[in-house]
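When the chains are written out, they are named A, B and C in that same order, and each has its own residue count from 1.
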Amino acid sequence: MSTLEALCAHRLVPVVVVDDAADADPLAGALVAGGLPVVEVTFHTGAAPDAIRAMAARGDCLVGAGGVLDASEVDAAVTAGAAFVTSPGLSRAVVDRCLEHGVLTVPGTVTPTEVLAALELGLTTVRFFPAATSGGAAAVAALGAVFGSVSWIPVGGIGPANLDEYLDVPAVAAVGGSWMVPRDRVAAGDLETVQRLAAEAVAQVRRGRR
Amino acid sequence: MSTLEALCAHRLVPVVVVDDAADADPLAGALVAGGLPVVEVTFHTGAAPDAIRAMAARGDCLVGAGGVLDASEVDAAVTAGAAFVTSPGLSRAVVDRCLEHGVLTVPGTVTPTEVLAALELGLTTVRFFPAATSGGAAAVAALGAVFGSVSWIPVGGIGPANLDEYLDVPAVAAVGGSWMVPRDRVAAGDLETVQRLAAEAVAQVRRGRR
Amino acid sequence: MSTLEALCAHRLVPVVVVDDAADADPLAGALVAGGLPVVEVTFHTGAAPDAIRAMAARGDCLVGAGGVLDASEVDAAVTAGAAFVTSPGLSRAVVDRCLEHGVLTVPGTVTPTEVLAALELGLTTVRFFPAATSGGAAAVAALGAVFGSVSWIPVGGIGPANLDEYLDVPAVAAVGGSWMVPRDRVAAGDLETVQRLAAEAVAQVRRGRR
């Protein structure tokens, strides 16, 4: 399985902000126990590199860095062990650096012009961020109809109430979100809640497949 | 009349997916009979080049290619006889190839930054796609207020129920859509329906002008 | 105080279309009397350069040019005395020319890809236009959460009824709008109304701070 296949295998990408690297290993354990061995660590906190390192060392889940804004952050994320790198938007500099490192990159694209730019860089899996305020699932469906070769990972403003709308769009490979890994629950060490939320999201995806 | 003037003359651009090139000639006939001698053939299907060839050979309607994603598709569309080329977004490579061929190109632009990029390439008529999920007619009106030299062709999520909203925006040159040429009606050879829908759309535009 | 600090000091940027340069000096006087010594003159009218010149000569308010679309308009705006230049979108040519002149430039960015492009040009204060049809305050909040270093000036479709929503977003530095300076009131010389609307907007910002 390629990294991209692993990233989308569960159709869910938990996006977590880690404030203390010591929370990272048990957090990953809770996600794995919940049936969701994938995590994107927002690369804004000082704890992010060590959190990625700790989670990647477990060997039982796919760990990436999110919200990466420039090439130097790509370097830091890859050094920490990130298996994939996401950006809120499409930056040529970020994409090029990821390609140099041979690491999967999933940039954000909202408009058709940005999708064309991604295609010209050889990328066919992109995020759609911020999803809820950029037209939502209907926008992804409209884009999916004209870009047959592109797969989408919508992120932003998605939760249990509207998850199905996005998963029902054929072009949607996976959905990202923080609702499975609330920052305050993670910081409080409340891993039971994280495991339960992850398991509920996995179950919701399975129900949608039937 | 220039190609651009012909494209916008009826303020409507039917956007059709043709699955069988044999449907193309009678389809164009139905549009012409309905008073709408303009058609954009989505360049995603294998039948598209032959469909464009057959329609262009009639000589009584303006035929273009839509959804063109790269320069090689521009070549194929122009070879088939497309009088204009549209793209969902703005790709420098697509625009440059169209300029080389001397064929009218109408790229999609959603944001002001993308409009500025179109202006820098010398283009002043652009699509707004996907229209309904990108802020709708109100968004085109807002853009029209700051880009006085730009004309718009909104496409995506438009039909009889909201056509007037778009046509009422002064900066809107024409509106594109598939509601006049439903794919299943075209594939079923139901050209009476196509002719009726085209005629109804033309009548709706005329009512709006009074 | 830097020009940027002065621009955002009141968290409001009145955006005015001036049809007659003779209206400019009393208009600026009304804004100053209303407690709002900041004004962005839309650079679309023939009167705009002289209006900027007259307002800048007063010395009691910060005057800029808005809706600037290319480098030659930057030159004209700076020659007229504009202390800042805004564009509806991000144009490399406009930004470069502003940097050459050493004048503050605030381009518009809507998508994360456009924000990344602004950051790569060294700009961290951007407009969000057209705000209301691009996802509104919720969109700015979503962008603010991933771009920690960026400050926003939303413009477009904002007025007293929704001003607070935007001001409540931590990443919002100021809000632009024409509701304080209605074009017809300015053209009619009704400066009492302008002064009252400016004072009301200033009071609304103050209430929000409590």
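Just so we're on the same page, a contact is a pair of C-beta atoms (placed from the backbone, for glycine too) under 8 Å apart; a residue touches a chain by one contact, two chains touch by 3 or more.
Because the structure is a prediction, the values reported are computed rather than measured.
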Touching both chain B and chain C (chains): A
Cα-superposition angle relating the copies chain B and chain A, to nearest 5°: 120
Chain A-chain C separation of Cα centroids, rounded to whole Å: 36
Junction residues of chain C, two or more chains touched: 110-111, 114, 117, 134
In the complex, chain A residues that touch chain B: 110-117, 119-120, 134-136, 138-139, 142-143, 146-148
Interfacial residue positions of chain A with respect to chain C in the complex: 44, 67, 69-70, 87-91, 93-94, 107-111, 114, 117, 129-130, 132-134, 156-157
